[in-house]
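Pasting the structures in now, so scroll down.
Here subunit A shows up in two complexes: once beside subunit B, once beside subunit C.
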Partner chain A sequence: MIWDLVVAPFADFGFMRRALLGCIAVSVGATPVGVFLILRHMSLTGDAMAHAILPGAAIGYLVSGLSLGAMTVGGLIAGMIVALASGFVARVTSLREDASLAAFYLISLALGVLIVSTHGNNIDLMHVLFGTVLALDNTALILLCSFASLSVLVLAVLFRPLVLECADPQFLRSVSKLSGVTHFTFLALVVMNLVGGFHALGTLMAVGIMILPGAAARFWAESIGGLIAAAALVAMLSSLIGLLLSFHYSLPSGPAIILVAGVGYGLSLIFGPVGGAIAQNLPRRNFET
Partner chain B sequence: MTSLRSVFASATAIVTFSLTVPTVSWAEQPIPVVATFSILGDMVERIGGEHIALTTLVGPDGDTHVYQPTPKAARSVAEADVLFMNGLEFEGWLERLAEAASFNGAMVVATNGIVPIAFEEHEDEHEEHDEHEEHEEHDDHDDHEEHDEHEEHDEHAGHDHGTFDPHAWQSLDNAVIYANNIAAGLAQADPANASAYYINRAVFVDQIVALKSDVDAMMGALPADKRTVVTPHDAFGYFAAAYDLTFEAPQGMSTESEVSAADVAALITQIRRDSISAVFIESITDNRMMEQIANETGATIGGTLYSDALSGETGPASTYLDMIRHNATTLSDALGS
Partner chain C sequence: MSAALVFQNLTLGYDRLPAVQQLDTEIQEGSLTAIVGPNGAGKSTLLKGVTGALAPLEGKVHIDGFRDEEIAYLPQQSEIDRSFPISVVDLVAMGLWREIGAFGRLGPAMPARVDAAIAAVGLTGFEKRSIGSLSGGQMQRALFARLLLQNAQLVLLDEPFAAIDTKTMADLIDVIKGWHSEGRTILAVLHDYNTVGAHFPQTMMLARELVAHGPTAKVLTSENQFRARQMCEACTGTPHVCGKTAA
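Presenting the complex of A and B:
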């Protein structure tokens, strides 16, 4: 029974195993980044960055066709340009970073739509750019796993300054010249994980797997390590359940995975022990006399 | 994003139209006509010859399912005397475009008079025909409510077509009907050259008939256990019906829908069970999925089929007749061996 429901789809079909592996890679790589995005009050930055990536991927596609490499490099370059430009503007002018990021990502998005539209006759570019988790080939899998590993390694190196910046950005800026480096490297991680994610799930779905588990984890753990572990667990469970739903009930897999993560977030919101709706409103025992 | 673009397109179209005086056809000047996509455009070109100035909206290798009209397209439509469309809701965007461009010429539906195939293959043929007759009584462009009612019949989730498979040109018999409709449409818009159009039609129909006997021979020679074909999207229903082949596709009828794991799994199971040896890719779709399926089942990629669009000038399917011949040869080479 459980074998048929849970194990058989993966035992019988290689594409399901590939999809699961791809999702786990994205979960491991992207969710810690998502946790830091949330802690730094930058939850919507992920969404902005996802849009900023589009023109780069589109140019990559137009230059060398359906090549994973070209689209990846294009997306990375476009995302980095937007991240660096908005960071630079924030540091040399009085405009705040969120406003300049909004400006640059909108410019980038407009450029992307322009490119897609003027060449859109050939094939639906949006459709090509939005990958599907069911068609991961070896190169895509290797790319996803490398990005996840690199992301985890870089995050390990950056961990202390990042935590400091979450807690007290002014302090880090005052004691270390590396605050800027930390910030940009972190943005590079965001871009890299999004580019990896859009090969697997499509850009918008990639933001979902980055942010939703992190938001859900907020209700389960207080320490940063706990948050990351809980988020990665939520992401992996969502991937597994989403894929199985897609398999058993004929649902498109990308939206299924993100919706399961969304349900996870909703349940955490209500039942989570750390600040969840129930825990918050129950009379606390330690205040009893 | 999409709605903004279409608002922009309509706005531009209105401006364009108000600046453009609709052209009147003169006998010595080619009449401006628009065809919606490359395959139809090729047929119109053949029959219109030098008497028409043709604009094709969705060019070679373009995907008509997801086409987004540009202001330039709206302008072509506004200036056209005749607008050729496939019908059967293949061009979902055309109605809005024609309205935005204030098109007031003649609209010719190339599939008028064919027997459409319903989405469900197992439906009784007689019933299909009756349903079709019912449709014919209404204006071809105004019966959306009707289609919506029928939508529950089909099981392909997420596509945006009506009740019937629009890819009717894949049958050579239907191509003759296309040619008749095109010739009649042109003759009506440009009576001075009517005889030329009918002569061109006759030449084209002769070529179709000649090709049909070749394709009949190739398909007839396929062994009985090799008559299942796997393609990315369900575009070959008419070809399959004509030659008793079975086409399977993970993506369903429209290239727009997203696949589910269940669809892919069902297809892989079938390929394994029926020991299907070759799967095919299409010129207009994302072929990563088919490559993965081929990988997993050990089937080979049999070649590229052209379904919804012609290839460019240098490709193997730059005209309608070449396309059908290329598809038949590809199928016959991959399945016959």
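Presenting the complex of A and C:
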């Protein structure tokens, strides 16, 4: 019974194993970045950046069809341009970064939709928007795993300045010149993970695996390490359950995975021990020392 | 005694609107100086000018005695994200940044130094608490512990006693006096004239321009306070000029 429901789909079908591996790679790479996005009150920045990479991927598609390399490079370039441009505008003008980011990503998104709809067909658009986790080939898997590894590595190196940039940016600026470097490297990580994630889950759903597990983790852990571990766990469980649901009920896999993560978030919201609805409203029996 | 800081015809401001005008004075090395004046007098602006965060519109700040890493600056608390999950001990240990940088590891003696700094501000037992659970006064104690670890020769404090209780203030003043006895140079923006009179030997009174600077008893006269208020009332006539400088 359990075997048929949980193990057999992966044992019998190569595409399911690939999908699971791809999703685990995305989970490991994207969730720590998502945790920091949430801690920096930039959750929606992930969403904006996901839209921003669309025209790059579209131009890549235009140049060489459904080519992994071209769409990846295109997405990376578009994301970096939007990140740098909005950061630059925020630093040299009086417009705040969130407003300039919104402006640039909207321009970018419109451009992307224009390109896809004039030069592709609807199936291509769906592919870019919602991904093809059940059709990951070797190259795509290697790309996803490389992005995830690189992301974890860079985050490990950048950890101390990034924590300080989040907690007390003024202090970081007063002791170090790394503030700007930290900020832009972090945005580059966001873009990289979204581009990796979009091959598996599509540009829209890739943000989901980045942010939802991190949001859920806030109800389970208090330290940064705990948050990252909890978020990665939620993401991997969501991937597993989502893929199985999509297999057994013929659902599109990307949305299935994100919806399971959404359910995980909902349950955490209610049952999470750290500020969850129940924990918050239960009478405390004794005071913390 | 030599001059640690020389302000030479210094004008600082935002958007070309001056907040501090034509300041010409010197801060002696090893002195403990309070900066006082009405709201919008340019006190915080002056500290930003010393840190280099704000470039002068005119004139110069000579800080020849100190290298960059010998200057520590405690701004008003606004930019710290208190909801960020970081513990007191981690926040305080950030004071070692100049020594270990972004990537170095804590040396063998450093954990003991962090503990000592936390003990010096009376926060022993709070090491593992997250900064979000601290009261305003405890938070200020933690920030002073971080300053202690920075081991700076020039310490700049922007309203360090705003919204904290008298016991905390007394403890933190002891820390400041400790720095003073070690020969460090300290500049603190303060509001409470009683505190200034009791603990700060030197005072600089600002009202966008320099009103007076010297031994506290000679500066904190009612004539000077009256003059400073009048000078600042003159500038509130154009609120967009002074409104900007209030922070």
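Convention: the second predicted complex is superposed on the first by the 275 of 289 C-alpha atoms of A that agree within 3 Å, B and C clash if a C-alpha of one lies under 4 Å from a C-alpha of the other, contacts with A are read in each partner's own complex, and residues count from 1 in each chain.
Everything that follows uses one rule, which is that contacts are C-beta pairs under 8 Å (C-beta built on N, C-alpha and C of every residue); 3 or more make two chains touch, one makes a residue touch a chain.
Keep in mind that this is a model prediction, so the values were computed, not measured.
*Asks:* Quick check for you: in the superposed arrangement, does A:V157 touch first (subunit B), second (subunit C), both or neither?
*Replies:* A:V157: touches subunit C, not subunit B.
*Asks:* Tell me which of subunit B and subunit C touches more residues of subunit A.
*Replies:* Looking at subunit B versus subunit C, the one contacting more residues of subunit A is B.
*Asks:* Taking the superposition as given, does A:F15 touch the first partner, subunit B, the second, subunit C, both, or neither?
*Replies:* first
*Asks:* Using the touch definition from the top, say if A:S174 reaches subunit B (first), subunit C (second), both or neither.
*Replies:* In the superposition, A:S174 touches subunit C alone.
*Asks:* Touch check for A:N281: first (subunit B), second (subunit C), both, or neither?
*Replies:* neither
*Asks:* Go through the superposed model and pick first if A:T93 touches only subunit B, second if only subunit C, both, or neither.
*Replies:* After superposition on chain A, A:T93 lies in contact with neither partner.
*Asks:* For A:E222, is the partner it touches subunit B (first), subunit C (second), both, or none of the two (neither)?
*Replies:* A:E222 contacts subunit C only, not subunit B.
*Asks:* When the two structures are overlaid on chain A, which partner does A:V113 contact: first (subunit B), second (subunit C), both, or neither?
*Replies:* A:V113 sits against subunit B, while subunit C stays out of touch.
*Asks:* With the two complexes superposed on chain A, say which partner A:A135 touches: subunit B (first), subunit C (second), both, or neither.
*Replies:* Only subunit B is touched by A:A135; subunit C is not.
*Asks:* Common interface residues of subunit A with subunit B and subunit C?
*Replies:* Common to the two interfaces on subunit A: nothing.
*Asks:* Please give the residue numbers of subunit B that touch subunit A in the complex, ascending.
*Replies:* 1, 5, 58-59, 61-63, 65-68, 70, 157-158, 255-265, 268, 284-289, 291-293, 295-296
*Asks:* Sort out for me which residues of subunit A touch subunit C in the complex.
*Replies:* That would be residues 39, 157, 160-161, 163-164, 166-171, 173-176, 178, 222-224, 227 of subunit A.
*Asks:* Which residues, counting only subunit A, touch subunit B once they are in their complex?
*Replies:* Interface residues on the subunit A side: 9, 12-16, 18-19, 66, 113, 117, 120-124, 127-128, 131-132, 134-137, 243, 246-256.
*Asks:* Would you mind writing out the residues of subunit C in touch with subunit A in their complex?
*Replies:* My answer: residues 51, 53, 69, 72-73, 75, 79-81, 84-87, 90-91, 94, 97-98, 101-103, 130-131, 146, 150.
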